[in-house]
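What follows are several structures.
After this come two complexes, each holding chain A, first together with chain B and then together with chain C.
Now for the complex of A and B:
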């Protein structure tokens, strides 16, 4: 089982959303990490044959997915970022409808729909209208429909967006359970979502692949980038102006700063092991700044 | 005695099962999973169209039924004999409006991205819905024609013309609008268009009675041909646009 992206490119008029993206995935969970607008959704849409690449190709076990056609869509499960629902459908109707699109006939569809609704904890509300569901329930229903056909490739675009912490943990566990014998591609801009469940992390910036590896490998390679420093509260602003501060803790008159910097920010600063969040800030601070009004305050967020 | 006990204990120890080997267990699980029966799959378009009937919105069917009932009541109980055909022209676009809402709901319910990468393509989904809604609309129109035929002096041929032309004009215009605005707003445009068409039809009966003279039949036939061609062209455009990639639909 091998999924290869070969110089995949997508251009929208004057904007290059995905720029010569090359990568190979085998089994496991792949976390696609990047700031908003990094090209994650476009990449996933091309992976799901929703968008046509401008250049390059995607190969599954050596065959282009375009040529595989229905055979590829049969092994694909997809949860888009913003998916709708028919307001007159109950959760079970929705599952049966999606099963019909995937070509699963009557009895098998009913059995599979009930089984999956039970698995995602929606069997009690299976006959209720989807319109009355909370965001978390809709996302769980979304993932249930994505695995209806027991896909080999499961693509989940921002599956935890808008979920409360409890729902996010539940969702992460669900994805871990489902990931056996599959390639699960999961996109998010929430670092903690991928940190725990991803076997490999793929970082994208401005449509390009900038970094990939296991969470441990990535954080090991970032050794010497993260520092902690205790300074008087009045000096915090000075450090904020010069460095990216990923954590700030006030302790009376003093403040403890966690700084991401290639250079030692102060003689008293101590190097500490990096985590994925630090690495994310290191690579995407400029983009986070652009999307926030405060120049460095954005980086903290 | 002690020797025997030792012997028995030794025997018991030797019978203890080996410690689970996680690697072997993983292999066993993988083998078990591979033995699990694969999900059965259907690929016939006929099967697909048949299954889609059960997913037709019941409210749509109910409203269509109520529309026919209202039409039947007004035609048979309220209107005078010769005025019975007056309702046909304004009612036909409303029946089409209901059908169009059902047909194009993938777009305004934001379901296209979810429906697209399936075994049955978006083209096949739309085709199935188009067939189902067209049959329902034709049944509604036929019922209206039958009600009207019972009470009017007009020939059945003229009635078919007065029923089909507004229906096809409504359907072609609605598809034209949907093809150019495949999002939630399309239903508002389509509603506005069909209601306007219905209003024009209603007004024309009193404001421009010459439209319904025998001499105007040639014009009606011409409009029928043009609207039928426009309808066919818009259906073709929609199916073609949704066949390959979803570039043409607005994705959120």
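Now for the complex of A and C:
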């Protein structure tokens, strides 16, 4: 099982959304990480055949997915970013409709739909209208429909967006459970969502692949980039102006700063092991600044 | 496939807009039928004015008492009776007009037959019964010959707009040969109301309902964002699209059946079904189609069904192109309604021919079976009802594959 992106490109008029993206995925969970507008969703849409690339191709086990057509879509499960649902359908109706779309015959469809609704904790509300569901319930229904056909490739675009922390944890566990013998491609801009469940992290910036590897490899490679420093509270602003501060903790008159910098920010600063969030900030701080219209120090998310 | 069709149908029927539209359509048809009924009036011999259902009952009873073949002798005798009544000075009041009681007793019951005589035998455009003063009994006896001559005259007329080729004239005259003579006379007000007033309004309402109900077929997927899920599914670009089209067809048929049944019930229950076997020429004397009233009604229902399906196909195409159901509704309603306001005759022959094929005009069954309009196709002359069918089927055949293709090629951006 191998999914290869070969110089995949998508251009919208003057904007290049995905720029010569090349990468190969085998089994496991792949966390696609990038700031908003990095090209994650466009890449996923091309992967799900709902958007045509301008250049390059995607190959599954050596065959282009475009040529595979129905055979490819048969092994695909997709939860889009803005998951469309039919408010007048009950959850069970929606699952049965999706099962029919995926070519699952009647009896098996009913069994599978009930099984998955139970799995995502919606069996109690299976006959209620989807329009009355909360955001988390809709997302759970979304993932249930995505895995109806037991796909080999499961694409989840921002599956945790809009969920509360409890729902997010539940969702992450659900994805882990479902990821056996599959290629799961999961996009997010929330680092903690992918940190624990991803086997591989793929970082995108301005449509390009900038970094990839396991979470451990990536954080190891980032050694020497993260520092902690305790300074008087009055000096915090000075450091905010010059460095990316990924964490700030006030302790009385003093403040403990966690700084991402290639250079040692102060003689008293101590190097600490990096985590994915530090790495994310290191690569995307400029973009986060732009999207948040905050000064450097505001890029603490 | 059956499951897909079931759910696609459910998607359309479960929408609130669908329920509201169907309800409005039925209520509007019911309301216009009430207007048709309240418009009816009749005077009893004692001068009592009746209206609504009572007028319908009284007129029906009066006319059904005379029901039967409208022979030359009968036409002559009716005209003779008219001349006798109008020729007797004792029947006039001091103002020189026919006395009311005489009119109500002697003329009113024969009014429909006298009107037929006026329309056929008086050629200078007069429509009042008093024009019969100049019509002779010989002319009344030659009623059917004069009618045929009028048809020939309309075909031969030059300088009044359209001129017809010899092939077109031959085709029309050949059809006119099939008109049954003598006509059967009976109470036909219900059918007249249905054809001249009920059909144009009701079928337009049905067409508009179809615009509203069918417009979400594809565009609803775009608007909700479900397009990504549908198009990435195994059957999303094949059976799902066919299921959508089939569901649209089934829902359109249901709306059509609902509209037609409501109209027929609302009109025929009060007016009755009498006169169904009369010649269409009782309602449109110069029509050259040799059809009974029931045949025209049935043909109208079939033709309008195909026209409504063509509206459905057009709406589906718009639905596949537009990003929201609202845009599809507005554009399709605009395209359906606007041709109604193009004045006939002012736009030249070709334009008139095109307009006649558009839904707003094509659904006016009475006009369609009364109009002198032909479409040459090679050596064959096609009459308006057939051409409407051909145009509607052509639109269906063209629009649906385009809609199918457009949805399949849709890019989720």
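As a convention for this text, the second predicted complex is superposed on the first by the 299 of 301 C-alpha atoms of A that agree within 3 Å, B and C clash if a C-alpha of one lies under 4 Å from a C-alpha of the other, contacts with A are read in each partner's own complex, and residues count from 1 in each chain.
Here is the rule we use: contacts are C-beta pairs under 8 Å (C-beta built on N, C-alpha and C of every residue); 3 or more make two chains touch, one makes a residue touch a chain.
These numbers were taken from a predicted model, which means no experiment stands behind them.
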Original post:
Looking at the combined model built on chain A, do chain B and chain C fit side by side or clash?
Top reply: clash
Original post:
Looking at the overlay, does A:150 come into contact with chain B only (first), chain C only (second), both, or neither?
Top reply: first
**OP:** Quick one: classify A:177 as touching chain B (first), chain C (second), both or neither.
**Re:** neither
Original post:
Counting only touches as set out at the top, which of chain B and chain C does A:253 meet: first, second, both, neither?
Top reply: neither
**OP:** Identify the partner contact of A:112: answer first if only chain B is touched, second if only chain C is, both if each is, neither if none is.
**Re:** first
**OP:** Considering only the stretches 127-135, 163-171, 307-315 or 343-351 of chain C, report the one that runs into chain B.
**Re:** 307-315
Subject >> Footprint overlap on chain A, where chain B in one structure and chain C in the other make contact >> reply: 45, 48-52, 70, 73-74, 76, 78, 80, 82-86, 88-89, 93, 96-98, 100-103, 145, 149
**OP:** Spell out the residues on chain B that touch chain A in their complex, using ranges where they run on.
**Re:** 30, 33, 38-43, 47-48, 51-52, 55, 57-59, 105, 109-111, 113-120, 125, 244-247, 251-252
Original post:
Any idea which chain C residues touch chain A in the complex?
Top reply: 3-4, 7, 10-11, 14-15, 221, 224-236, 238, 240, 410-413
Subject >> Residues of chain A touching chain B in the complex >> reply: 45, 48-52, 70, 73-74, 76, 78, 80-89, 93, 96-98, 100-105, 108, 112, 145, 149-150, 180-181
Subject >> chain A residues touching chain C - in the complex, by the definition given at the top >> reply: 12, 45, 48-52, 70, 73-74, 76, 78, 80, 82-86, 88-89, 93, 96-98, 100-103, 106, 109, 145, 149
